[in-house]
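Each in C-alpha cells, the structures are laid out below.
Okay, so chain A shows up in both of these, paired with chain B first and chain C after.
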Partner chain A sequence: MKNPVNIPTHLKFRASYLFFIIFNILIGVGIVAYPSRVFQYAKQDSWLVLILVAIIVHLILAIIIFILRTYQDTDLYGILQETFGNWFAKLICYLFIIYFFTVYLSALAKYTEFIVVFIFPQLSKFIIGFFITILIAYSIYGGIRVIVGVSFIFFFLTFFVFALLVVPASMIDINNYFPLFEVSRKEVFEGMLLSTYSFIGIEVLWYLYPYIRNKEKTMLYSQLGLFAATILLLINVIISIGFFAPKQLESLIWPVLGMYKIISFSIFERLDIFAVSYWIFIILPNLILYAWLITRSLKRIHQIKQKHSIWAIIILSAIGLYFIQSSIKLEALLDVADISSIFFVFLFPILLFPFAIIKRIRGTKK
Partner chain B sequence: MKRKSTKKKQQSLFPSSLEVVEEDLNEKALNSSPDFTMKIIETESGQRIGFYFLYSIIKPQVLYEQIISPVQKAKKTLDIQSIDNMIALPNSKEENKLDEIGKKLLQGAVCIYIENDQTCLMHSAPLQEHRSIDRAETESLIFGPQMAFTGSIETNLNMVRNMIDTPQLKIERFILGNKIPNEIQMMYMDDIANEENINELRNRLTSLQSEDIMNASVLSQKIEDNPYSFFPQYIVTELPDRFTYSIKEGKIGILVDNSSAGIIAPITFSSFFESTDDIYGRWIIGSFTRLMRMFAMILSITLTPLYVAALTFHYEVIPEALLLSLGESRNRVPFPPLMETIILETMMEFIREAGARLPTKVGQTMGIVGGIVIGQAVVQAGFTSNILIILVALSALASFTTPDYVMGTSLRILRFPIILLAGTFGFVGIFFTVAFIIIHLLRLRSLHRPYTAPIYPFRFFDFDQSQVRVPFVLNKRRAASHLPKKTKRKKKTYGHSLFKTKGKDIDE
Partner chain C sequence: MKMKIKKFFLILSIVVLLTGCAEERVLEDLGIITTAGFDKGEDGPEVFGTFITYKFSQQLSNVNSPIHSSGRTAQDAFHLAFAKTAKKLVTGQLRAVVYGPDLAKEGIWPHLDTLQRNQFVSDLVYITVSEMPSREVLNAQVFEEAPNVGIYIYRLLDQVIGKEEIVDSSLHEFIKNYLKVGVDPITPVLSIEEDRVIVTGLGLFQDDRFIDTIDLHEAFYVRLILDEFKAGELQIELPTENYRQFMEDFEPSPEEETFEITMQQIKSASQISPKDSGKYHFSIKIRFEGDIRELTKELDLESKEVIHMLEKDMAKKIEENISKLLEKTQELNVDSLGFGTFWNAKFKGDKKLTEEEWRKEYPNFQFDIDVTTEILRNGITQ
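This part shows the complex of A and B:
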C-alpha cells in the first residue's frame, strides 16, 4: 500500500534551504495588512496575540514534521493513501489543491490590488497578473532547483526592504504600547483566529519533504524559518503600534506600506511606491511555491506533467483575476482563504496526528 | 602488393612513373591546385626520386636543407627505409592511398616517391604564419604578464605548458569539423578536475556535428547549455595566465587551432567579474575592485531605467529641490523621458561601436567627437537633459568595468528592455525585469553546474575567491562550486610561519 516518492539525488536540496523557503512562504501579502487587522481586536497587546499564535504554529509545524518522519520518504498523498486508502486520499488532496489555488489566487489578486491602488489606478489588474504569471511559469519550468533558488535569493532582497523600517522605528511613541495586558480573553481569541492567515504556508512541507537531502535537520531549519518570520511579523506589529496613533492604525488598511511613506533620502522619498513595486520580490517566492504545490500534487495523483498543469494554473488564474476585479470580491476570497486555512493548516495535522502515533506504536511493536 | 578488387586498382597510385603520380595527385586528390609542385632528383645510381608538395604551406628551408639535400647527396641505391633514415625530421609515415596523401599534403607535408616503388614517404614541414606573442587587445591587465594567446595552437600550448609544467596537466586532442577539420585540445589537471565535468565536456565535443569550427568563440557557443540565453556560459579568454589559473583551480580549458583564445569551463556568473589582476594586486585592491564591479554591474543596468520610471510615473519620489532642477534641465526637451533615454543610450552605443570598428588612431578622435561635441551639443540643442547625460555616461562607464567584453556587452544590451519596461510600467517594470533576470540566471547552467554558484547553491567558503579576494594565508581551499577532486591546498601557503609566535605575548 505504501507509496514512496523516489526523488533522484541531484534534485534533492540541503535542509538549510528550508529556512528560506518557510520564511518566504510565510511572509507575503498578509504582513502588509496584518498589524492593523490584529489591532482592531487586540489593540496595543497585538504583539502578545502574535506570540501566542506563533507558539501554536511552532507546535503544529512540529506535528507536521513528526507525521512526515513517521511515514518516511513520502508526501501528503502517500501518507493519506497508506492510512485511508486511495479514494479518500484523492479527495483530501483535491481539497488541498483547491485550497492551494485559493491562497495562490488571493495572494496574486491582492498584490495586483496594491499596484492598482498605490501606483497605477488606471491599469488593469489583468495585465499585472499576466506579467507575474509569466515569471511564475518561467521559474516552475526550471524545476525544484530554481524554485528553491528563488526563495533563497529573494530572501536577501526581502531583507533589505524591511531594513528600511528602521526610519519609522526611530519615530515611535512609547506611550502607544501602554497600558499592557488590557485585552480580554475573547479579543485575544478573535485576534488569534485572524492571525492565522499570516501563518499559512507551513503546509508546503507536506510535498517538499521528500526533496530534502538531510532529513534529520528538517525540524531545526523549518522551525528556525518560522521563528524568523515570526520575529519579522512581530517587528512590523511593534513598529506599527508605536508609529501610528491607535485611531489611525485602526482605520488603515495597509499600515506597513504606509510607514514607507515617510522614509526620505536626499534624492529619493515616498518609498511606499518603491516598496509596493519591490514587493514583487517578496510575493514571487510565495506564488511560485504555491503554484509548484498545485502542479506537484496533481502530478502525484494523476501523473500529469508539471509542464502541462502549470498552463492550467495560468489560465485559471487569468479567469480568476477577471472575476475578482473588485475589492469586495477579493475580500470575500481572502475570507475564504482565511477560514479554509484554519482547517488545512492547523486542524488537519492535528487530525492526522493520532494515526501517525498509532503507526509509530505498531512499528515499535514489530 | 596484393590487389583485392578492381575498385582498389583504380584508387591505387603505385607503382608508376613520377609524372603519372604528379598528375594523379593533382587531379584527383588536390582538385588541380596551382601551388602544387614536383621536384625530380636523379641520384648517382640512376634512381629518379620525386618530391611533391604545396609550396604555399611548406617551410622552404626545412624542405631544402632537411629533406632534399640529404637525398641528393646519397650515393647508394635508395629505398623508402633508407631515405627515412637520412631525414632527421620526426613524424614520417609511409602512405599508398591517394586520399590520405592528399590530406597530408594539405596539412603541409612533403611526399617523397621513388619511381616505380610501392609506397611513398610523407614528411611534414608545415609553414604556419601567425602573429607573434602580443599584448592582449580585449582584456588588458595592469600587473599581469603582458601577453596573449596567438593563432597557433602550438604556440598557445607552449605557453600553457610553460606555465603548468607538471605531468598532471592532461591534454586530450580532438579533430573536429566534418568538412574542414580543425584541431582542438582539451586540458585539465588530472588530479584536481572533476571527472563528471570532463566526461560531459568530452561528450559534447565528440558528439558535435559541425561542418567547421572557426575559432574558440564559435566553439564555445556550440557546446553551451542554453544557446538561447543572452549570457555567455563559458569564458573565452585570450589571456594565458587566466587560462592556466582556471585550470590550476580545477576547471577545464579548451584550445582551438587558428584561434587566439581559449575556453574555460565550467564557470559561474561571478567569474565574469573577476580578473587575474585581482590576484596579482594586494587582497584589499582585489576585494574592493571585485565588489565594485558587481556594484557597477547593478548600477549600469538599473540607473537609466530608474530615471525613466521616476520621471514618467513616479515624480513624487523625487524630493522637491531635485525635482526643480530636473524640471529646469528638462524644460526644453520635447521628448518624453523614455524617448529621451532611448535616444541617448543609442547614441552611446553608436559611439562605442564606432570606436570599436574604426582604426585605433581614428578611434580616439571618435571618443572626443562623441563625448564632447555630441554630449555638449545635444544638451544645448535641447535634445536631452543634463542630468540624463550624466546618468547615461555613468552607466556606460560602469558597464565597461566588466573585465569580460562579451558579458559587458550583453549587460549593456539588457538595459534596453529594462528601459522600455520602465517606461511602460515604472518601478514595477524594472523589478519585474530584474526578477526575470534573476530567475533566468538561476536556471542557467554551465556544463550542468549551477551558474549562480557560490551564491546559490550557497557555499560560504567559496566567497573568498569569487566575490572578494582574501589574503592567501586564509585561502586554504579550492572553490568547491565545481566539485574538484581535491579541495584542500597544500598546508603551507605562506612564505614563513605566520603563527610561529603562538602562545607567546606580543613582544616576546
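This part shows the complex of A and C:
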C-alpha cells in the first residue's frame, strides 16, 4: 500500500453518523427546484422516474463503498495514486476540486438568490454570502468532528420545515396523478438524467471513508441515508404534482418554496419567508461538507493546512458571487454543475470499478 | 472556555441584530395595502386602480379614503399611486383583489400574472369580481369593527367560505384552475348594499374571462359536486301535494302548492366517474345527509313513511337543481366544475381532451346524476 491515511483515533467517528451526513449532503438547494424540473419531462409520472434513479444511485453508492473497501484505509487520492501513479492522481483530484467548488458556489449562489428574491431584494448577494461563509469557516476551523456534529444536529432541524408541507398536502387534487404510466421511454430517460443533480453528494464518501471507526457498517448507514433522502424527495415530488396544475408546476422555478406560500398561521402569516430563512439549516451542512472536501483534497495533495485553504475558498466564492448577480448566470453555473456531476458522481465510480475488481483478484491469488 | 462561549454569543447577537439593519421599514411610514380594486379606465386602455390601506393614527377615524390611480397595467397603476400618498405603499398584506366587471370580461390573467410574479403577494389573496365598478365597492362606508374596508372584505370572504357557502377562491386556486386543461375558475361576486359590501354569488369564468353569475342557491350545488360538506345548510322546495295525508290541519289554498324544508349539518360526498360510451359521459354520485331544521308546514315526522318520502323527494329535487345548473354551464360553455380534468385523469393518448376539443365538446357532455339523501335527525322536537 503506497499511501495509507492514518487518522488519529480521536478524530474518527462512528459509521452511524454517515446516515446524517449522506442525508444532509443530498438534501440541499436542489430539492427546491427538483419537482418542476423533472415534471417538464415526466409529467405526472415523475415519481416513477425518481424511484428508478434512486435505484441506480443505490447501486453506485454500493460500487463506491466496494472500491473503498478494496483499497482499505485510504481515500480517493490514495486510490488513484496506487492505481495510476502520482501525476494522474493529482490531475483527477484537481478536476474533483474544481467540481466541488462549482457545486459549492452554485449552492451558495442559489441560496443567496432565495434570500434576495424572497426577503431582501435590495441586499447584495455578496453580503449574504459573506455571512454564510463566516459560519462555514468556523466549522472548518473546528475540524471534522464539528462538521459531523453540525450534520447531526441540523438533520433534526430539517424535519420541522418539511413537516409543514402537511398543509399543501391536504389540498392536493387526486386527478393530477392520473392516468398513471403515460410517460414515454425517452422522457423517462431525460427525466432520469436530470434527476441525477438531486443525488450529488454521495462522492463525500471518497474522502470521509478513512475517518470512519467501524468501517464494516459503512454500507448500511450510507445506504440508509440515501434511502431517507430519496423518501423526502419523493414526498416533495408527490405533493407538488398534486398541489399545482401541470402548467403551473412547469412554470415555477422553486415549487417547493411556492408551496409554503399557502401556509399561514395567525401568529406567523407568511410561512414562505420563514421557510426561506429556515433553509439555511438545510443548506449549511451541505456547504460545509463541500468546503471541507475542497480543503481536505488540497491538504492531501499539497499538505496545505485546511485553516489556510478555507480562506482561499472564501475569497474565491466572494468573487464568484460578485459575478453571478443575474439569475441567467446562476442557471448557467447550475448547468455546469449538473453536467459535470454526471461524470464525477456517477460515471467515475463505474470507471474505477474494474480496477478495484482486478486488485481484489490479484489479492486473492497472492 | 468561558471566553469562547462569550465570543460565540457576541458574534451571534451581532448577526441577529444586524438583520434588522438590512432593509428597515418603519410601520408608521408604510401604506400597507389590504385590498386593491381594478377597473377599466374611462378612456383608452388604461387600468383604474383603487387601493385601501391601513391607517395608524392616534385618532382612529372610521372614514374610508381609498387611493385612486390609473396606469397602463395594474402594476403601473400601483406604481403611479406613489405620488398620491405620503406613505410608502407595500403589498405584503394584500388580502383581496376586486376586479370590475368591464375588466373581468376582457380577461384578468395579465393582471393575475403580475400578482403571481410578485413574491411579496401571498398566494392566499382572494380573487373576486364585483357587480359594479370595483371603485364603488371599495368606497363602502360601513365596515363594522374592521380597521378598513379591505380587511372587512377579507373577513367577509373568510366567513362565507368558512361557512361552506361557496368554494375557496384564493389566487392559488384561480391560477391552478386557469392553467389546468379541463376546468374553469370560479370567484365570489361582490356587490354593495346599503353602503356595505356583500357577497351575491359566484362568478363563472371561461378561461380568464368573466362570463356570468350564479346566485348563492346555485352556488350550493357547485360545492355539493366539487367539494364535500362537513356542516352545510340547504333550503329546498317540495310540492305539498304528496304530503297532504300527513298534514294535520291542512287547508288547501293555491299559494301553498309547495312548502320549504331546511336542512342543517349537511355532510356530503360526491364521486364523479367518466364513462366511455362513444360520447363524453359522466356519472355523478352524491351522498347527502343532514338534519331537518325547519319546515314551513307541519308534518308528522315520527312516521317512517314521511321521512322516506322526504328523502326521496329531496333527492329528486337536488338532482333537478344540479341538472339545471349543469345545463346553464353548458349553455355558457364554462366547465367550472372541472369535468374535463376527470376525463383526462382516466383516459390516455388520443382519447384525452385537448384544450380546443374540451371547449368544443363541453356543451355535449352527458351527465347521470344520482343523489341519495338521508335524514339523520329532526331537531330537538318531534
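The definition used in the following text is that the second predicted complex is superposed on the first by the 365 of 366 C-alpha atoms of A that agree within 3 Å, B and C clash if a C-alpha of one lies under 4 Å from a C-alpha of the other, contacts with A are read in each partner's own complex, and residues count from 1 in each chain.
The definition used in the following text is that a residue touches a chain if its C-beta (ideal position, glycine included) is under 8 Å from a C-beta of that chain, and two chains touch if they have at least 3 such contacts.
Just so you know, these numbers come straight off a predicted model, no measurement behind them.
Visitor: So if we stack both complexes on chain A, do chain B and chain C clash, or do they fit?
Guide: In the arrangement built by aligning on chain A, the partners chain C and chain B clash.
Visitor: Kindly classify A:S139 by the partners it touches after superposition: chain B alone (first), chain C alone (second), both, or neither?
Guide: The answer is first: A:S139 touches chain B but not chain C.
Visitor: By the touch definition at the top of the document, which applies to A:N236: first (chain B), second (chain C), both, or neither?
Guide: neither
Visitor: Which touches a greater number of chain A residues, chain B or chain C?
Guide: The partner with more contacted residues on chain A is B.
Visitor: Give one of first, second, both or neither to describe whether A:I280 is in contact with chain B, with chain C, with both, or with none.
Guide: Only chain B is touched by A:I280; chain C is not.
Visitor: Determine, under the contact definition given at the top, whether A:S46 touches first (chain B), second (chain C), both, or neither.
Guide: neither
Visitor: Please work out whether A:F131 is in contact with chain B alone, chain C alone, both, or neither, and reply first, second, both or neither.
Guide: both
Visitor: Just to be sure I read the superposition right, which of the two partners does A:F120 touch: chain B = first, chain C = second, or both, or neither?
Guide: Both partners, chain B and chain C.
Visitor: Just to be sure I read the superposition right, which of the two partners does A:I267 touch: chain B = first, chain C = second, or both, or neither?
Guide: first
Visitor: Between 75-83, 93-101, 165-173 or 417-425, which run of chain B pushes into chain C after the superposition?
Guide: In the superposition, chain C collides with chain B along 417-425.
Visitor: On chain A, what residues does chain B touch that chain C touches as well?
Guide: Comparing the two interfaces on chain A, one with chain B and one with chain C, the shared residues are 120, 123, 131, 264, 269-270.
Visitor: For a test of understanding, state which residues of chain A touch chain B in their complex under the given definition.
Guide: Its residues touching chain B are 13-14, 16, 115, 119-120, 123, 128, 131-132, 134-135, 138-139, 141-142, 145-146, 148-150, 152-154, 264, 266-271, 273-274, 276-278, 280-281, 284.
Visitor: Once bound in the complex, which stretches of chain B touch chain A?
Guide: Residues 313-314, 316-319, 322, 425-428, 430-432, 435-436, 438-440, 442-443, 450, 452, 455-458 of chain B touch chain A in their complex.
Visitor: Mind pulling up the chain A residues that touch chain C in the complex?
Guide: On the chain A side, the touching residues are 117-118, 120-123, 131, 173-179, 182, 244-248, 251, 258, 261-262, 264, 269-270, 272.
Visitor: Which chain C residues qualify as touching chain A in the complex?
Guide: Touch list, chain C to chain A: 15, 22-23, 92, 119, 122-124, 170, 172, 175-181, 338, 341-342, 344-349.
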